[in-house]
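In the two assemblies presented below, chain A is common to both, partnered first by chain B and then by chain C.
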Partner chain A sequence: MSAYPDSERRLPSRAYDVAVIGGGIFGLFCALTLADAGKSVVVIDRGPVWSEASAVNAGSLGVQNKLPALVPYTLWSWEIWETLAERLGADIGLRRDGGYKIAMTEAEAERLDAVSMQQKALGLDVRRLTQADLRRTAPWISSDCVAATYSPQDGYANPTLVGPALRRAVERSGVEILDDTAVEEIRSGDRLGVVTRRGEIQASKIAITSGAWSGRLAAMVGVRLPISLDVNMVSVTESARPTIENIVTHARGILTLKQVANGSCLIGGGWQGIGTLENQRKEVSYDQLVHNLRLALRVIPGLERLNVVRSWAGYEGVTPDSLPYLGLLPGHRNIYCAACARGGFTLGPLMGQLLGELISHGETSKPIDIFNPGRFAHVAA
Partner chain B sequence: MSQPSVRLIEGVRPSDETVSFMFEGEKLTGWKGEAIASAVMRAGLRTLRRTRIGDEPRGYYCGMGLCWECAVHVEGQGVVRSCSEPVREGLVISFADGRWDK
Partner chain C sequence: MSRPVVIIGAGPAGLSCAWELASAGREVVLIDDNGMAGGQYFRQLPETYQVSRDARLLRDKARFDELAKVLTLPGVRYLSSTVVWGAPGNKTVAYAGPTSSGRIEASAIVIATGAQEKSLPFPGWTLPGIISAGGCLNLAKAHGMVPTGRVVVAGNGPLVLVAAATLIAAGAEVVGVVEAQSDIRLASAAVSGLFAAPGVLRTGIGYRARIMAARAGFRTGWMVAGARGKDRLTAVGIAPVGADGRPRRDKQQWIEADALVVGYGLLPGTETARLFGCRTEHNPALNGLVPWRDDTLRTSEEGIYAIGDGAGIGGVEVALLEGRIAAHSIMGTRAPASLASRYRRLDGYRRKLNLAYRMPQPLLAATDDTIICRCEELTLGRLLADPGRGRNSLNAVKTSSRLGMGRCQGRNCLHVASSLLGLATDDLTTHPRARPPLKPLAVGLLAADKDAGSAMEPDEITLSE
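== the complex of A and B ==
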């Protein structure tokens, strides 16, 4: 029995220009770009589309918490985010009210300074604040915070609003979406195809946009795509009076915090839950969660009065250098991949769009050399 | 669509002792040991709080402490789940409005 009545049916025999494997934020933006370029596209997903990392992350669209190499890409992706609600014709909970990146120790403050100088040189609007500035503009942040930077370019969106709106837009553009259709095999070579549990799909080109699962799919066509797994936890508090006006991130990347439209505070920071792709678990580790929440309280003491309503965990695929994969798979001329950006929710619209451009035109509007999926192919496992 | 009203199961009664409490400015009576949500709903009130987006009514939903839809504010105690918090004599209860203090 499946949640999707159609998903037990055998697939009609049909050939597409492109089969996109994985209907998260990368895959759906890739599909949208391809459809706009006039391609016939099918999106194939092992579960319902938009049900893993794209759906369960905390929605941060941070610019200050990205690797320096990704800063230009973050700003380009934000250009897509800025007009997305209008393009989708839906509320996506987008806010760009700026954000504080904070340091609680002198060592963290030094790191904050070094990184923010780099970011500034790369075109980010980021300012170092004095403690007095911070007390004045964000009195809800603890006075134990020794240093902070502020960027008006930080923001967030609501993943549970983005997903359905994006799906509707993708479907409106003529793309076929196959939920609950796990891929069992990829046939490479002249007669390209994707074998699923519901039958085989013919396609001229294949895009692997399967996040943490991308390594498994690449392995089906003989490509080594190293990806390690993070199981990130997120917690949400009860609704509280609007107080925290900006997103908060941490010099060491161990805290993200925001208060969203319904008054709830979302608390993350990459603290690790329990699970693997093999055992399909993604569970909260309370031993770890305690540290996540304690840190949140140290930074914003007022949170102490609020109840945590829920905590959950979700998978995030991580590459060896934390940069995404984007491009042709090594040794192939019609199988592509885009997956696993640190900050994939922020970067997803751009990454998906660039992959769509590459597949439809053979070139991209932004440079993608540093994302070459073959960059670790010759490194010993 | 009509909504089901609250009905008592014949013969089930947690206590013979009654307590009075305030809910959103109204004086209500409950049985000692009864959940706040139960006592409020027996008084014919279904709205236990209102949402910050759209000011929509929310109330008893999962009934077992998971969903937090029934959260209310108890003076001096803070926000609690009314489905699993016993009503007591003299409680002053209001919609949970997300105060950062008790």
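== the complex of A and C ==
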């Protein structure tokens, strides 16, 4: 029936210590941490692992574009990123050559100042630049840009390199990965079970790391986990002479732009495409794509003649306060969740690792109270 | 104001469709990404060129000049150097070009975007001095340029004869012509009357006679196996085609050459049809995808038609007829009976011609260190080792290897990669999706879209809690 012979393979009949549902960046790092702690782990994914938000995001590892509450976590996650290539034994396209956050109006400049003060207080290395500074260090940014901050701590990794390398490492550590295995039901209680279209999987604990889909899985065990859906668009250009040396973000968070190793420029910023989880279609919104490109052009006029080769859209789950969920599901003692950080690619390694620590040791190396998945349980729907 | 019919592509099919519609008083917008109308077949020398009216290269100029008069008819708006890059709505096209970028809501859309060449990677195929048959014909037609030195023409299909004969006529030194199909199959096709289309067999024989007269070696049942050279091509390796569609390297021979022209067949370009949501199907004779069409040449989508070589390889005469037939379908009028019967006859010949040249196995000549995806510089060995292969999905291989993610967006590599990797070519669920922009297009041209709806800026993340 299915086109993939692999997905018709019989399910292993053994029971696992932990079943991880969702093989994106949260799930794979969680699985890796659990395997390192000696747990037997299975990762279950409705499609191939690493095919949704983790794979199709634009790869920014930004520190300047995170919520203040997430700044320490961003820096901790960067510690994992810094050594990841070595740990995985593969090139992941990691770069940390800093980034500019720009303002095009006076109001945005004021905003930039306020936020950068806050960020400095939290320990970020952020410098306010004058227009003259900017002309000198980044002449490719438009002279219409009225203000900017610079942080040497912004960077980038290539999601299409990270995914396969991470998958190999996870498999090497003994974790079983089940692609194309949609979950139909979760049996809670003392004897946990994950019912999939290929049969039931037994596990002592379950980790829900399913990004935007996490709300549906939590609902299977009676937990309301509010998640709204963003459909973020990204465009990529053909290769060009290396010019844009740093990642570029915007005071109001509506632009991300970078030039990657092969010379392509990636243009995003959370402009919305069209799609729902139900219809499984993520379409580009032509209108918003045009506005995204207009903004990019205003900020970097040199893009004018560079060809766009492809635009696409990807899902991102967003919580009501834009902070991730991480912890035990309310009312359960063996079902956990980690999902939906604004900036999940940057934070994913840490979030996955913290969930792995929590599941294997019952405690985490960093505080996770503000991420409690039960924090909206009593808010009316 | 009534909505116009939008025709994408001003080659033979598009021009002929525009004629039929405009002469019946219908409003037409004809959009073409080339600077000059005519498509590949009618490609002309620029008017600024001073040339003697050389008979051969300008052979169809008179017919083109007649056809191109449609561009001056009232009711016809012609946008040249303009790319249709997207499908922003039901029967709406997004276009971008040097004079304007915007959207057009159409009463019907006619996709007449033509074919693309199949690539056949072989060791050394990226050396300077090797060009495609279509590219070679374009240079000859549009600029009067032909390769210098000793030229070998190799491939599979009628384009091999056309390219070789055109080069000889233009004065090139063609030293060898190598057709992969065996003479036995070609001859039996001819004998059984399959080629008895008006002129087709005669034209073919004429081309072959010209090649023979030029004393170029002509081989059938052989194919390119490799190319040698340091900074540029110096020799072409050819070998008999094995039963598995691969060259029999034990019998490989080398021909000293300065240029190699390769033409291993044409494939309809289906990206435009797929972006508009049209269903495609696998065509066994072409071993590739074609848009599904009904008898009226309508696709699976209401009001969207596909004609010419972009819908199935039939050549110029079929394309001209399909343009007229689609126009009648759009207008709801009956095409003249003679048109329909002529089309049936030519369409039958087209199928037979495609089948006569069809190889029993897809031709493959790459070795492990041959680059398959030129944009991302991926070799066959690298792709064979890719974990995405295990899922029997071209899209999975693309995602994990970056196959087809460069400038050509897979136009040159995805088709041959699926054969080389043994992936299903007919399971469309495993193919990468067509995405906007349909062709690489400058940020400035996209941003200039005058008909874009209003901006809805992304929600700001609340940066102060």
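Methods note: the second predicted complex is superposed on the first by the 377 of 381 C-alpha atoms of A that agree within 3 Å, B and C clash if a C-alpha of one lies under 4 Å from a C-alpha of the other, contacts with A are read in each partner's own complex, and residues count from 1 in each chain.
To be clear about the criterion, contacts are C-beta pairs under 8 Å (C-beta built on N, C-alpha and C of every residue); 3 or more make two chains touch, one makes a residue touch a chain.
Keep in mind that this is a model prediction, so the values were computed, not measured.
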TODO: Assess the superposed three-chain arrangement around chain A: do chain B and chain C clash, or do they fit?
DONE: clash
Open item on the list: By the touch definition at the top of the document, which applies to A:263: first (chain B), second (chain C), both, or neither?
Closed with: first
Open item on the list: Contacts for A:289 in the overlay, against chain B (first) and chain C (second): which applies, first, second, both or neither?
Closed with: second
Open item on the list: Looking at A:239, would you say it contacts chain B, chain C, both, or neither? Reply first, second, both or neither.
Closed with: both
Open item on the list: Going by the contact rule set out at the top, does A:306 touch chain B (first), chain C (second), both, or neither?
Closed with: both
Open item on the list: Is A:272 touching anything from chain B or chain C once the two structures are fitted on A? First, second, both or neither.
Closed with: second
TODO: For A:223, select first, second, both or neither according to whether it touches chain B, chain C, the two together, or no partner.
DONE: neither
- [ ] With both structures superposed, pick whichever of chain B and chain C touches the larger number of chain A residues.
- [x] C
Open item on the list: For A:67, using the defined touch cut-off, is the partner it touches chain B, chain C, both, or neither? Pick first, second, both or neither.
Closed with: second
- [ ] Please write out, lowest number first, the residues of chain A touched by both chain B and chain C across the two complexes.
- [x] 238-239, 262, 305-307, 309-310
Task: Residues on chain C engaged by chain A in the complex (per definition of touch) - done: 86, 88, 94, 103, 376, 387, 390-393, 396, 399-400, 402, 405-407, 409, 424, 427, 429-430, 435-437, 440-444, 446-447, 449, 452-465
Task: Complex contact set, residues of chain B against chain A - done: 51-53, 68, 71, 78-79, 96-102
Open item on the list: So in the complex, the part of chain A that touches chain B is made up of which residues?
Closed with: 238-243, 261-263, 302, 305-307, 309-310
Open item on the list: Help me check something: in the complex, which residues belonging to chain A touch chain C?
Closed with: 3-6, 48, 51, 55, 65, 67-69, 111, 114-115, 118, 160, 163-164, 167-168, 179-180, 237-239, 252-254, 262, 267, 269-272, 284, 286-291, 293-294, 296-297, 303-312, 322, 342
